[in-house]
Amino acid sequence: MKNAILLISCLDQKGITAAVTSFVFENGGNIIDANQHIDEQSNTFFMRIEWSLSGFKVSQGKIADTFKVLAKTFDMTWDLYFTGEPTKVAIFVSQHLHCLYDLLLRHKAGQLPCEISLIISNHPQAQSVAKDFGVKFVLIPVEAKNKKVQEKKQRALLVKEGVELVILARYHQILSAEFVAQFPNQIINIHHSFLPAFVGKSPYDQAYQKGVKIIGATSHFVIPQLDQGPIIEQDTVRISHRDAIEDLKRKGQDLEKIVLSRAVRWYLQRKILTYGNKTVVFE
Amino acid sequence: MKNAILLISCLDQKGITAAVTSFVFENGGNIIDANQHIDEQSNTFFMRIEWSLSGFKVSQGKIADTFKVLAKTFDMTWDLYFTGEPTKVAIFVSQHLHCLYDLLLRHKAGQLPCEISLIISNHPQAQSVAKDFGVKFVLIPVEAKNKKVQEKKQRALLVKEGVELVILARYHQILSAEFVAQFPNQIINIHHSFLPAFVGKSPYDQAYQKGVKIIGATSHFVIPQLDQGPIIEQDTVRISHRDAIEDLKRKGQDLEKIVLSRAVRWYLQRKILTYGNKTVVFE
Amino acid sequence: MKNAILLISCLDQKGITAAVTSFVFENGGNIIDANQHIDEQSNTFFMRIEWSLSGFKVSQGKIADTFKVLAKTFDMTWDLYFTGEPTKVAIFVSQHLHCLYDLLLRHKAGQLPCEISLIISNHPQAQSVAKDFGVKFVLIPVEAKNKKVQEKKQRALLVKEGVELVILARYHQILSAEFVAQFPNQIINIHHSFLPAFVGKSPYDQAYQKGVKIIGATSHFVIPQLDQGPIIEQDTVRISHRDAIEDLKRKGQDLEKIVLSRAVRWYLQRKILTYGNKTVVFE
Amino acid sequence: MKNAILLISCLDQKGITAAVTSFVFENGGNIIDANQHIDEQSNTFFMRIEWSLSGFKVSQGKIADTFKVLAKTFDMTWDLYFTGEPTKVAIFVSQHLHCLYDLLLRHKAGQLPCEISLIISNHPQAQSVAKDFGVKFVLIPVEAKNKKVQEKKQRALLVKEGVELVILARYHQILSAEFVAQFPNQIINIHHSFLPAFVGKSPYDQAYQKGVKIIGATSHFVIPQLDQGPIIEQDTVRISHRDAIEDLKRKGQDLEKIVLSRAVRWYLQRKILTYGNKTVVFE
């Protein structure tokens, strides 16, 4: 049984909720979940509404066209999704494989409603893991001098496979502005610090040198500015003077796995809306 | 500028959200916040909707009567509230005053939209605190033999002062079933353990003896069965073998203050719905 | 480079720390780490001391005999361990494989200084996982009627393999008192609740029915009384009315993995001392 | 019954622990608590040892002189303290009084072993609070042009009252380098962010604009560089898109109180050692 999901944002004004819920109801839909939020700074209205298509009078293929009229009235930005149509996903990874393993295991356990189309890496280590889980693996080594060419290969592969979401599961290469522009708010990265603290390289070393008492991890959408994209999720764990850098890495890996997988799951469930540099997550 | 708030629950069925939001919109109201939840086990629909009365066509005094018709259609259980009409509150306390202080300070800081009508205690310690904050204090000592009579006095005072919410801020007497029945889901207690663990007396001692590595606090509505009422909020803090019982008490007090004040704030903001032994909190 | 580790407990009295640290120093050892704790209720002294064997004048094989004299003076209970001699471990698992996977991955990442000698299960699901990681797998189905016989097989295997630590990584069979007696404080279980709340079967269902706002996981040594053994570690995660039982299970699994692996790591690092129903963990 | 406490740091070398614990034992002292830590990066040894003076053969006044000899052997940096001699403390505060109230209440509850000698403020709001708690209050308004003069008054007062520890409990003036130099590692500040994120002014606004999903608070020793001093303690709390700046401030205040009071308590218990830009906290 399929559901439809609408993600809506527009200038706040009277009657939006009534109009949208009536649209669903009058066409015979049963609302499964509805969430809204008004950002008071920008006077923006956000909504996520999910309803069952069982008994819905408008056929799936015509819902967008039918809703378009209403959307115009309120000058909405909106997206329509359907459950049961798994998003195609690519995972980029380098040499640290814990996030990759975690995503593959959660996928196997049915926690991530997606199809993992391929794993792309600039190193060979993930190959055997990909094989164990029966996922296509493509090795694309990247160096400063061949980066442009190799990115073209990567992008061509993503297009060919119909990938919608790119997950950077500890991929230690910075994507070019062109790459990012091709997948706006469709690339999720895990950064191993509590952003905006410790941007860039070796955040655990930075945290150790700084002497913080808590470390964190942050999942965010990728924009051309390094580690500056809209934050989706963060979490933290306590450390002490007894923890060496190795301990920070070990403790941090647990955070990374959890924080990245939550972001991916929410993306796949269409629970994230982005505005400016921020996100609304209707978890 | 006043807002109206409706808390609604009923059997889930098509069209409730559309009906309620249209009721607000068609009468010229602007929705400030709307939340809904469907409990799948019991197929119950819950909703909290808040809208601005500015420009609303139905006068405040007639909203209930007007909504009644719609409510009947869906066989709703519902309550209507208005912001800007501070709830009258009584705080019961014994000899531990940290939660009392905390509530008084938060109230002073404008975080609790209520009027603290009086403080009732079975001990004299809170008297000077009440005086510092300019709140009426009534000493009503309670012993096994005079409990019935003293509770009558307490209840008479609550009625006389028009108290809606009773807060047991570490009040170490068990209220009779009659007392509780007079204030259904209107008495909030703080229990200094992570319920259902360590019911009853001396939960910190129980936790210490058990050797747990984390302690907690729980705020809940009071029902006749001791420490069994619907849980509103809980929080936890880590302890270790280095912590003596005194440390558990000290660490726990911070939890108690936070967990109780959250529950009180949510109650005052009309964000809590109760069903069976559980709560929905639209925080 | 090997280290020696002493775990000591005895009645508290003057001079223990000085005696032990002087024992190490006078024999040419360099203390890497030293921790002590005095339990005031029982007036018990606990100590963990780790020192480098490089330059230590007593040969490894004679340290126990040499220390015995000192230990007698203070009537100590004590254990001597050496790093670089990996503990042999067996993992018991049923149908939920997330903890098993987690332990195998952490072991592979070098976070668990042990040798995983075998995996024992009453179900076949873990077989292919064991194969992927190159660990011996033994299927021993257990039913009420054959439990005694099957446990004999299990225990014989453990003895044969020289297993010191048994990890119940979501093994859904209750071990007999005889089994437990053979491995005192050597069996670590993960229980998927915040003990002592929700003992026994289906703790997530119990938590859901109770309406708690936080769930937890507990790792503990196994004693004959179900879920009553000394607690080693606990952790908690927030839930809300929006979480169905499936969500509790999903969120709880992350806790289970972390809480079990911490206990196992601390055991292997010889950081846990047990007294009565409690533990001292020198993390 | 008094205890002595030694805080020691020096280059790591064989025999330090044995020497120090033997010093205590051979003079008839009973060790209450002993903690040590080796920082591997700098090869520095840290120790905190606390022993009962009951039965100690060296009189309190001569302990320092006696220990000096041993300290020289290992080229130690060390400090000697005695329990039962309450540290004199001054609290600096501006217009936000929640941390001040919190410290006064914890002091009243016996959780802070100190004498609060005076409260200094650049605003009059705290005056009545000081009066309620019977603490001396001095109003010293500070502006850019009179800052040097006013700081002189402040410092003269601190010296006159014999103040050892200065607590900046949301004091919104930056102390001059001279002021700081007079109280090295004796000034504790609470910064209302998870440092190093959001240094300087209005950290809650910064956090709100950045769209973080967690906020924090940090207590640290003050050095001339703003918000850069050695971190003593941090804690964090989850926020969401639903939280306005006001909510961040409200939630953050609970953190500030807890994080500042922990640092103050540990300082008073002589549990903090500082090295470079970092702290060792033997909590």
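For reference, chains read A, B, C and D in written order, and residue numbers begin at 1 within each chain.
The rule is simple: a contact is a pair of C-beta atoms (placed from the backbone, for glycine too) under 8 Å apart; a residue touches a chain by one contact, two chains touch by 3 or more.
Since this is a predicted model, take the numbers as computed values, not measurements.
Each of B-C and C-D has its own count of C-beta contacts, and the greater count is at B-C.
For the pair chain A and chain B, the fraction of shared interface numbers is greater than half, so the two copies use mostly the same residues to meet. Using the average of C-alpha coordinates as each chain's centre, B ends up farthest from chain C. A separation of 37 Å divides the Cα centre of chain C from that of chain D. Between chain B and chain C, the centres computed from C-alpha atoms are 42 Å apart. Residue positions of chain B touching 2 or more other chains: 242. The part of chain B that touches chain C in the complex is made up of residues 37, 39-40, 194-198, 209-214, 216, 230-236, 240-242, 244, 277-281.
On the side of chain D, the complex with chain C involves touching residues 14-19, 21-22, 24-26, 28-36, 38, 238. Listing the residues of chain D that touch chain B in their complex gives 98, 101, 105, 109, 111, 132, 242, 250, 254, 258, 283.
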